[in-house]
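Take a look at these structures.
In the two complexes that follow, subunit A is the common piece, with subunit B as its partner first and subunit C second.
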Partner chain A sequence: MKTLVRNILAVVLSLAVFGIVVFDLAIPEEPARVDDSALLAATTGAPNLVSAVYLGARLYDTLFEVLVFTVAVIGVRFYLLRRSSEAPSASIPESHVLQASAQILYPLILILGVYLTCFGHLSPGGGFSGGVVAASGLLLCVMSIGADTVYRRLSGAGIERLEWALPMLIVAACVLPLAFARPALSNLLPVGRAGHLFGSPSILLLNVLIGLKVLIGSWMVLYAFIRHRGEI
Partner chain B sequence: MIARAVLLALLPVIAGVSLFQRRRLSAVIGMGLFSLVLAATYLLHSAPDVAVTEAAIGAALVTVIYVLAIRRTGRLLVVADEVPGLLALEGGEFVGIEVDILDGFARRLGLDLSIQIVPHADVETILLHGEADLGAGGLSCDPPATLHRTRDHLPTALVRLRPRADAPEADARDARCAYPGYFSDLTEVLRRRDPVSITLDMARFLAISRIDLSDCNVDRLSAPRTYAFVAGPRRRDLRDQLNAYLDELEGNGTLDDMIRRHLP
Partner chain C sequence: MDWLNGTTIAMLLFAIGATALIVRKDLVVKLLALGLVNSSGILFLISIRFRPEMEAPILPTRAGMPIADPLPQALVLSAIVINFAILALSLVFVMLLVERYHSTDCGRIEHAVEVDRAAPESRSAREDESASRQDEEAR
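Entry: the complex of A and B
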C-alpha cells in the first residue's frame, strides 16, 4: 500500500514537471523580461528585484534548483543513513561554555531564519538563505541538547513526511496556474499592495515552501554526517 | 571604495594563509573567515542577497560540516590512565614524558592531540574496538597480537603488592600491570588499607610509595620491562611513524632531555 502511494506520487511528480515543460511551450507567452525593473516589480509585487527575478520571471530555473537540491539530499540519506546499521559512534560531550551559549543563541538564529524567509520579497534573503540560517540554528540546538534528542523531536513532528511533501507542493504551486488558464510558473495568487508582507503572496508562499525544504534537507544531511562522524 | 579595495586584497591573503595551515582546524577556520570577508565584499558591491547566502552557507554551514568531518580524522585520539611522570593531569593540563612525545608526534602529523583518561585495564579493549588511535599511560606488557606495540622509550620493572597474610607466589614472567579502575582512585584504596593484590609498573609504584605500605608484601618481579605505546589493529602505519619519530628523538638527545626533565 505504502509502495503504491509512493509510486503514484512519483508518477504525478514526474508528470507535473513534464507538464510544465510541455504546457509552458504550448501556451505562447511573451518571454518574461528581467531588464525592466519597474515592470518586474509591478507584475510580481516584490520590491526586492532579486526575488522578483528568481521566484517570478525565472521561476523555471529555481524550480529545477529545488529539484536538484532534493536529489542531493536523497543521495546523502540513501548512502549515509541506510548504509550501515552499526551503532552510532560514541558521542563526545560538548564543553559547558559551548552548550550554554548555544542554548541562548539558537532561538535567535531560528527566528532570523524565519525572518529572512518570510521577508525575502521585501529585503535581502529568501527561502534558500533563510532555510540555511535556520538549519544553523538547529545545529546550535543540537550542541545544547544533543543530536538524537533533536532528531527524535523533529521526527515526532512528522518532519520526514513533510520533507517528501514539500517538493510536491512546490511543483504544485508552479503547475496550478494552468488550472486557471494561466501559464505555468506565473503568479498563483493575485498581487497585492507592493511593499507589504502580503504584497506578493505567491513569492511569499514559494519562499516559505523553499525555506522549509532547505531547512529540512540541510538538517537531514547534517544529521547523516553527525551519525557517522560522532556527535557535534 | 577603500573598504572594497581592502577587502578584495584581503581575500587572496586569507586564502593563502588558510592554504598553508598545518592544523586542519585552523585551515577550516581560515576558510570560514574567507567566506565572511567574501560576504562583506558582496555587500559592498550592492549584492546583499548573495552576501546573506554566502555568510549562511560559507561561513556557518560548510565550516560546521568540515569541523564534523575532521572531528575524528583531525585528531590523534590517545587513551591512557594516569602515570605520574609519564602522563598525568596537573592543574588541568597533561604533563609528562609521554605527553611531550605524543604532542610532538601529533604536531608532526598535523593533528590535534586529544588524550582521554580511561581505566588502565580498558586501554587495550578500546583500541581493539577501534575507538582510539593510540594507547599510552605506562604500557609495559605485550598487547594482544592484533595490536601494534611501538618501540620502547623507557625501561621499567613490575612490582607486586599483596596483603601480608597471603602466601608468597612464584615470580611470574607473564605478569601484567593490573589494578582495578583509575590510578587516581588506587591511592585512595591503598590509603584506606584495603587488602588488595595488584601489580604496578615502576613509575606508578614510585608515585604511591609515599603511602604507608607496611601492610603489604612488596615484591619486585625480576623480569625487565619497558614502556611503549600501542597502536590500534589497523594502525600499523601509525606505529611505524611513531617508531621513526622515537628513533629521531633518541638520535638527537631530545628523549634524554625529556626523561631528565620529568623524572629528576
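Entry: the complex of A and C
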C-alpha cells in the first residue's frame, strides 16, 4: 500500500514537471515577461531583481535546481545511513566554551535565516541562502545540546515527511496557475504593492518553501555525516 | 592595477584549482580543488557583467546609475547549489572508498582495484593485512 502510494506520487511528480513544458507551450505566453528591469519588477512584484529572475522569469531552472538538491540529499542519506547502522560511531564531547557560545548564537542565526528567507524578494537573500544560514544555526544547536537530541526533537515534529512533501509542494506551486487559466510557472497569487513584504506573495511562498526544503535537506546531510563520523 | 579585477582573479583561481585537480593524488585535496574551480567559475560569471560604478540589482536604485545584470547572478545561484550537491555526494563516495581501501590516495586505490579485478579471492586476505596495519598505526 505504502509502495503503491509512493509509486503514484513519483509518477505524478515526473508527469507534472514535464507537463509544465507541454502546457507552457500550448497556452499563449504573456507579452514580454523580461523586457527591462522595471517591467520585470512590476510583473513579479519583487524589487530584488535576482529574486525576480530566478523565481519569476526563470522559475523552470529553479525547479530543477530543487530537484538536483533533493537527489543529492537522497544519495547522501542512502549511502551513509545504510552504512552507519552497522557500526554507530562514538560521540566526542565538545569543549565548554564552544557549547556555551553556540547556545547563545544559535537562536540568533536561526532567526537570521528566517529573515533572509522571508525578505528575499526585497533585499539580498532568498530561500537558498536563508535555508543554508538556518541550517548552520541548527549545526550550532547540535554543538550545544548534541546531535541525537536535536534529531529526536525534529523528527518528532515530522520533519522527514515534510522533506518529501516539499518538492511536491514546490512543483504544485508552479503548476497550479494552470488551474486559473494562466501559464504554468507564472504568479500563483496576485501581485500586491511593490516593496512590501506581501507585495509579491507567490515569490514569498516559493522562497519559504525552498528555504524549508534547503534547511531540512542540509540538516539531513549534516545528520548523516554526524551519525557516520561521531559528533562534530 | 587595472588588470587586477574579478575576471583575472577567477582565471588565476581556475588555474590553481585545475593544476591541483590534476597533480595532487589525495582524493580530499582533489575535492577541495574542484570546489576552487567551481568558485572561480562563479566569480568569473559574476564579474564579467559588473563594473565598479554599477549598483546592486535591487530597486529602487539611485537615478541615472547603471545596475548590474541580475541574470548571471540568478544563474550562479543554481551553480552554488549544484556545487554543494556534488561536494556532499562525492565526499560520501570518498568515505566509502576509504572504508574499503583504507587510503585517500587515488593511485593506491586504483592499484588495489586492479589487484581485486585480477584475483577477487585474495581480497579478504589483503583487507585483513590492511586492517592489521591500521591497528599498528593506531598503537
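Assume the second predicted complex is superposed on the first by the 224 of 232 C-alpha atoms of A that agree within 3 Å, B and C clash if a C-alpha of one lies under 4 Å from a C-alpha of the other, contacts with A are read in each partner's own complex, and residues count from 1 in each chain.
Here, contacts are C-beta pairs under 8 Å (C-beta built on N, C-alpha and C of every residue); 3 or more make two chains touch, one makes a residue touch a chain.
The structure presented is a predicted model; accordingly, all values stated were derived computationally and were not measured.
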item: Touching partner for A:Leu116 - first (subunit B), second (subunit C), both, neither; value: first
item: Partner chain(s) touched by A:Asn48 [first = subunit B, second = subunit C, both, neither]; value: both
item: First (subunit B), second (subunit C), both or neither touched by A:Ile226; value: first
item: Touched partner set for A:Val68, first subunit B, second subunit C, both or neither; value: second
item: First, second, both or neither for A:Val11, with subunit B first and subunit C second; value: neither
item: Touching partner for A:Phe128 - first (subunit B), second (subunit C), both, neither; value: both
item: Of subunit C and subunit B, partner touching more subunit A residues; value: C
item: Touched partner set for A:Leu139, first subunit B, second subunit C, both or neither; value: first
item: Footprint overlap on subunit A, comparing subunit B with subunit C; value: 48, 50, 123-124, 126, 128, 225
item: For the subunit C and subunit A complex, residues of the former touching the latter; value: 56-60, 67, 70-71, 73-75, 77-78, 80-82, 84-86, 88-89, 91-93, 95-96, 99
item: In the complex, subunit A residues that touch subunit C; value: 37-38, 41, 47-50, 52-54, 58, 61-62, 65, 68-69, 71-72, 75-76, 79-80, 83, 122-124, 126, 128, 194, 214, 221, 224-225, 228
item: Residues of subunit A defined as touching subunit B within the complex; value: 48, 50-51, 89-90, 92, 116, 123-126, 128-129, 132-133, 135-136, 139, 218, 222, 225-226, 229-230, 232
item: Complex contact set, residues of subunit B against subunit A; value: 48-49, 51-53, 56-57, 60-61, 64-65, 68-69, 71-72, 131
